[in-house]
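I've put the structures underneath this note.
Look at the two complexes coming up: subunit A is in both, with subunit B in one and subunit C in the other.
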Partner chain A sequence: MATQFDADVLVVGSGVLGSLTAHALATAGKAVILLEAGPRVPRWQLVERFRNVADKSDSNRPYPDQAWAPKSSGGSHSDGYLQNVGPLSYRPGMLKLVGGTTWNWRSACWRLLPNDLRLQTLYGVGRDWPIDYEALEPWYGRAERALGVCGNAADDQSGHGGGAYPPRSEEYPLPMLPWSFYTRTIATHLRAAGFAFCDEPSARASQPYAQRPACSGMNNCSPICPIGAQYSGDVHATLAERAGAELRENAVAFRLERAGAKIAAVHYKSPDGRETRLSARAFVIAAHGIETPKLLLMSDVANASDQVGRNLMDHTGIGLTLLAREPLWPGQGPIQQGAMLQWRDGEFRRRHAANKHALGNAVANRPVAARLLAQGMIGPELDRRIRHDAARYVQVTTAFEMLPEPGNRVTLSSHKDALGLPKPQIYYDVDDYVRAGAVVARQDQRRFVEILQAEVLDADTGWRNGDHIMGSTIMGADPRNSVVDGDCRTHDHENLFLATTGVIPAGGVVDPTLTGAALALRLADLIGRSV
Partner chain B sequence: MRLERETQAPQRARTPSLWARLVFTSLAALSPVSGAARAQGDASPAAASMGDTTTLSRGRYLVTAADCAACHTQDPAQAFAGGVALKTPFGTLLTPNLTPDRETGIGAWSDEQFYRALHLGLDARGEHLYPLFPYDAYTKLRRADVLAIKAYLFSLPAIRHVVARPKLAFPFDQRWLLGLWNALNFRPGEWQPDSTRTESWNRGAYLVEALADCGACHTPRNLTLGAQTDAQFAGAMVGSWRAYNITTDPVGGIADWSDADLTAYLATGVAAHKAGAVGPMAGVIGQSLSLLPAQDIADIVSYMRRVPGIRLRTQGQSRFSWGRLSNTVLDIRGNEDLAHASGRTLYYGNCAACHGGNGGGTPDGAYPSLVHNTVVGASEANNLVMTVLVGVHRTVQGRAVAMPAFGAVLSDAEIAALANYVLNAYGDPGIAHVDAPIVAAWRAEVLPTPALVTVLWCGVGLFFGVLVGGVFWWWRRRR
Partner chain C sequence: MAHCNSDPYTRRDVLRVGACAAGTLAFVAPARLIALAPPAADATPNAAARIALCRFLCGFPKLDSRLVAHAFAALGAVDRGFSARAEALGLAITTAGLPDVQAFRDSPLYGDPTHRATALALLGAFYLGFVGNGDAAQLISYEASLMFASTQDVTPIPSYARGGPGYWGLIDVAAPG
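On to the complex of A and B.
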């Protein structure tokens, strides 16, 4: 007698990766249930909350802050959620609502370089991927189409000043957005000085695309794009529903139930504590790079290697804030448009971390005004200086490649949340590889200061996280030291897959969302063919 | 120069209280500048110290420490001319004129009469004074100090100011009854130093018990309104104000104040991050304690540190330890319940990002203005509602224009509210507004019923109506 299942595939998490997976599988005719810990909130309400919120310094603040599903900061339920016990406080962006954390992102959609996937082989550090760029390439293309990525395919994104790279079998679905005066001016100066400045591909509709209006350059990409020109995960959550998937909001998965070597069911709690069990043929956990290992640890599954939660990586970096001599007028167009990639790949990776210098383009009135007020400036002089400084404010964020360190990890805290579930406990630090990379990066930063004839406002911002959670459910060929295989299938359970950037074993210096999306579409295809 | 004034009736009744004597010191808070402070004029507070030998400056110092002006100066320009109205449950009392005017003041009083008033609570004629005048504290003053006070008062200008005799209701107008009160609550006798204590403690005791009379406000009253001696300084009411427990109890009192806290509070009215004097105490500090030499404050602290701790009420923790930072504005601002948003709010959330907060769109017209807009200004709301429902999708010569569809995001009621707001704000407010059923119908493209069909259905209805009526008539006839 055939076993009855609640669904063919059960997906935990309605962020971009979970929703892409659910949409692909529902489109392929599978019965899909998509669980989301938080509620559904329409964009206009988030826009209004952003406008009305008193504290604009925490971009998480406009998003729902609920006891049963805390976010990473920005509310009384959420601020104490992540329990940091290590030398560095790690508090990456994490939102819990339908659509997930891509409601509030910068939408950079870089591909990895082929060499990023062979780090150990080429440079003797870190880990190799179990798959190569060739295997990933078609899925990158599909992910770019799904997210509506605009970019310049002619750029050499390896930073070596050559031809179009990395290899791609299809054009970007959207042409790159025109650069603002600010980006153009700085790019011109820096290129003249030999820096490999190139456009940053991003999930922004440079033309109307898939029901999304074109970017109008409001410079409000974070905390929220007011018109939805920038991609957010709710797009595919909604598409998944239209394709037949069932989306359950406010459903906090807390246990994966094992039956032999397989996963039999997911148990979730509702905000009132009520528990529900759902069975399925296959399970995809797409619950964010911190919550996914937490769920595996709570369920004691997929962890024969003891690698679940370990190897936590980000692109932790350093910042530089300048006042350029000439007015550059940042704040027109998207909040980030370009980056310098000369330290993206090379033999130096044997010795120190690669880096990417990203040029911020956010309207600077708030930090400028806060700084001047702190100096005691008031009255007409304050107004004059806000105009003066905001026109010259330059922010550079340098992100570093990181290597998997087993000690950087997510574990279960003894502190419990409102549902009685353990809060995530995090130990996080940067190693000498990154510190050596920072020495090189600071040399570049000093040159930026010279080139822009700038006054340095803040040369040492301390370590800054990139909100790029990787490694926490690491991918590898060897079941003894990794959690998932090259298909994102857990080594321990053949019907349990992870759709999270947490699987990335080597993340180069680029934002991991597009890579995660490519992997999610790839695993959805595999499940679709096998279930 | 003789100043003339007459007070017949209360000009302005002051703080009501259980027994007006409780407000004695509080009144200092209400008089803008005390006579004592003015009397001091150019002299610094330190000039009038305990150590001064001249009688006048000693007297001035004592008058400041006892804050006599609080009750006896109504108008700072006429220091100590009395006439301050003190409201009590038994009637209103006017304080007497203390200037050396022989007829209306105390100019005719002998040293002995003056001493008797402070020491025994008797006036010049030997009648009982109301204990609103704190002779139960002043009895502790040394005779030499009492006479120094008198000498100082007598050195001031005589002001002719007739103060009406108090008229209390029976039986409180029977002054002899105060003998009973005295028997219960009053122990005459000068302060006797305690040789087992430090000098500082003894000086503090004299200041606290005899001069400043802290207990007047801080010690609760017994049934007969005398000081409740077993609860000294344990806190009491002063009118509507609470004079706090200033004993050494760790929870109820001030045990966890440092000496520096206490000194700063008494000398300046502020103990940083702990307390700021308000109400009557603000006056006491402003007009009296802040004008005393630093040593006096140190002595008061020394004495108060050693009074017994008393806790009258159940209190979980001291009043200085409660509370924590809580920025609730972050929980309310930007956390509005948007489930029942108005059309205006819906406009700002969904439309204003492109069409502008004022509906004007962008100057280049890329995002159209809703003002002077032929869809918004039309006499039917259809195209406005439909555009909101399905968006705009127009590609002309390769150039795409898109407005997102809001049909999937907003409910029929929300779209109706939004459309009506846009009509009122930017269109013809006179046209028929829409409601949720209309939006639902347009959303579903339910076509309106043509008139012909209506007429046909009416005909059919009429035919069957006549038929049924006829059959009924026939059936009735058969019976």
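On to the complex of A and C.
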């Protein structure tokens, strides 16, 4: 390491993308410092906190709620952190601790389709990626190996009922998990009716994998897998440290210091307000899709295009809750296993959003019991109905493709956090493309009701966050209308890279984490060869 | 079974409470029950009556007396009048000579908004395992929440192991529901 730098590479954020980057670079022999705004908390403590937290309605609540590093919700320091000023309240999952937000996720690890990366060319809407699927494909494979993804490579994940798709150069590292009776039964019914139901690839170890135990179906993937069978970002944070990276906890990055066209240093604050400056040859900001643009805006860097913070997208969706006629028993196995993809890709995308219907498989006792008690049910009938309804409870979440809209954006609020830093201000809404997609999706949902001969408990959930933050530091070939290039390097600063799902310019309908991981490994390789 | 423990109260005891107390001015547990009450759980003078009331409402004779103490403390913290209303509910049930919660459900007492709300507040604490909302919420129990009792032969209490890796893939027939 050159003596004039504190590190070869400084990575901000120890979530899955930052930790993957730090691990890859440390393994390549680079001197890496990894900053994390929150503390390190062992899994057993988080599991204990989950069990002991009283109100479990917010899955963020078991996680640290600290004044200097607020999460997106679930605590007195955090609930007022995200300042929403738009028509919809956007409050995606965001945790600040070593390992980041993938402590609390469902671990769906889909690849995008080749067509997803050519949205504008093929369908005349949204934006194209500046790279194609072939450029990304080998990195998808590496990301799947890193995260330990299980899945069924024979599925046509385009939803067209054909052969294996999208193209892949290697098998999933782990075989798919078995489906529960619930998933099998519903899949059988829906497939018979013409729906394209397939397995959802996930970062759950279906067999022991890379020191992780096999999934035991404790049905608690979110808020937290009790045994670490499901991947979380702390895995690679730990591996990065073992490879020589230095991890600094409770270090809140608040300024990127410029030196000409390059970034010279990161400044961070400790919880007591003390400031530290760290220099490096290259910088990777992997601080979540909301905090990354906030840091760029606070630093006034990488924003010659005026696109930092704009084009905020998610897979905002709608929900449907049913009581099926027959007992199906959700709750056995992981909390989500399969999805319906018939509206994932096609010419219709010229007119309306694609969608993905995902089938929840969580133990239903809590919402069932709460509903029955609210109805005043008591006595033996209450117990009988809890069993009856919990056996028949079906939850479908429909996620929609969104297009980049500059008005949906993250800016700096005039309100400050405990360290005196601006809180993120968010303006968020869905457009007519999504609303048109919802019309089609509701037709599907009505068919689900018929097929399962179900009673509808809730078909009007309103718009729901998908926790899939995209677009806020958008990727593109043209520096005039995008923040990073196809390598996730900022157009404005050759040594500043962004490892965040915020770079995704077109995200189809699938969870973006695997794509973010592939991009992170790809940029780490690039940095490793050039620094 | 999640809600079972070695606590010595039985359903018969609870029924005896109702029978013995009928016609008296208070929902008072018999001396044997008071003697068996764990003193560490709730040292208030009417602890036994509270336990008996909660077991009556839940229909679970082995409802942990410590959870009763937790529930009364939590409900009392957000509503200072709760204990008095619970005592009134117990007295009303005793006076009416109701043998079980189903009889209570079918009686005019359950039509009384105050009694109904009091009963449902207690049942919510034991079934859902908490009282209140958000940061102010107080835990009564998690794995001992009664909402899990009627499905414990089929589904896990989330975060607890059930059958080992892949167990769910071997289940070919739905349990009765």
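Rule of thumb we're sticking to: the second predicted complex is superposed on the first by the 528 of 531 C-alpha atoms of A that agree within 3 Å, B and C clash if a C-alpha of one lies under 4 Å from a C-alpha of the other, contacts with A are read in each partner's own complex, and residues count from 1 in each chain.
Please note the rule applied: contacts are C-beta pairs under 8 Å (C-beta built on N, C-alpha and C of every residue); 3 or more make two chains touch, one makes a residue touch a chain.
Please read all numbers here as calculations on a predicted model, not as lab measurements.
Participant: Does the superposition put A:A214 against subunit B (first), subunit C (second), both, or neither?
Facilitator: After superposing on A, A:A214 lies in contact with both subunit B and subunit C.
Participant: Classify the contacts of A:V47 with the two partner chains as first (subunit B alone), second (subunit C alone), both, or neither.
Facilitator: After superposing on A, A:V47 lies in contact with both subunit B and subunit C.
Participant: Counting touched residues of subunit A, say whether subunit B or subunit C comes out ahead.
Facilitator: Subunit A has more residues touched by C than by the other partner.
Participant: Contact-wise, after the overlay, does A:W179 reach subunit B, subunit C, both or neither (first, second, both, neither)?
Facilitator: second
Participant: In the superposed arrangement, does A:N365 touch subunit B (first), subunit C (second), both or neither?
Facilitator: second
Participant: For A:P62, select first, second, both or neither according to whether it touches subunit B, subunit C, the two together, or no partner.
Facilitator: A:P62 contacts subunit B only, not subunit C.
Participant: Which partner does A:S76 contact after superposing on A: first (subunit B), second (subunit C), both, neither?
Facilitator: Both: A:S76 reaches subunit B and subunit C.
Participant: So, does A:T238 touch the first partner subunit B, the second partner subunit C, both, or neither?
Facilitator: In the superposed model, A:T238 contacts subunit B only, not subunit C.
Participant: With the two complexes superposed on chain A, say which partner A:Q453 touches: subunit B (first), subunit C (second), both, or neither.
Facilitator: In the superposed model, A:Q453 contacts neither subunit B nor subunit C.
Participant: Give one of first, second, both or neither to describe whether A:A391 is in contact with subunit B, with subunit C, with both, or with none.
Facilitator: second
Participant: Following superposition on chain A, which residues of subunit A contact subunit B and also contact subunit C?
Facilitator: On subunit A, the overlap between the subunit B and subunit C contacts is residues 47, 50-55, 75-76, 207, 213-214, 216, 218, 220, 226.
Participant: Contact residues on subunit A for subunit B in the complex?
Facilitator: Per the stated touch rule, the residues are 42-45, 47-55, 61-62, 65, 75-76, 207-208, 211-214, 216, 218, 220, 226-228, 238.
Participant: Note which residues of subunit C are touching subunit A in the complex, please.
Facilitator: Those residues of subunit C that touch subunit A are 57, 59, 100-102, 104-105, 110, 116, 119-120, 123-124, 127-135, 137-140, 142-143, 146-151, 154-177.
Participant: Residue numbers of subunit A touching subunit C in their complex, please.
Facilitator: Per the touch definition, subunit A meets subunit C at residues 47, 50-58, 75-76, 79, 177-181, 185, 206-207, 213-220, 224, 226, 326-333, 362-363, 365-366, 368-370, 373, 376, 378-384, 386-388, 390-392.
Participant: Using the touch definition up top, name the residues of subunit B that touch subunit A in the complex.
Facilitator: Subunit B reaches subunit A through residues 327, 329-331, 333-336, 338, 341, 345-346, 348-350, 353-354, 366-367, 391, 393, 400-405, 408-410.
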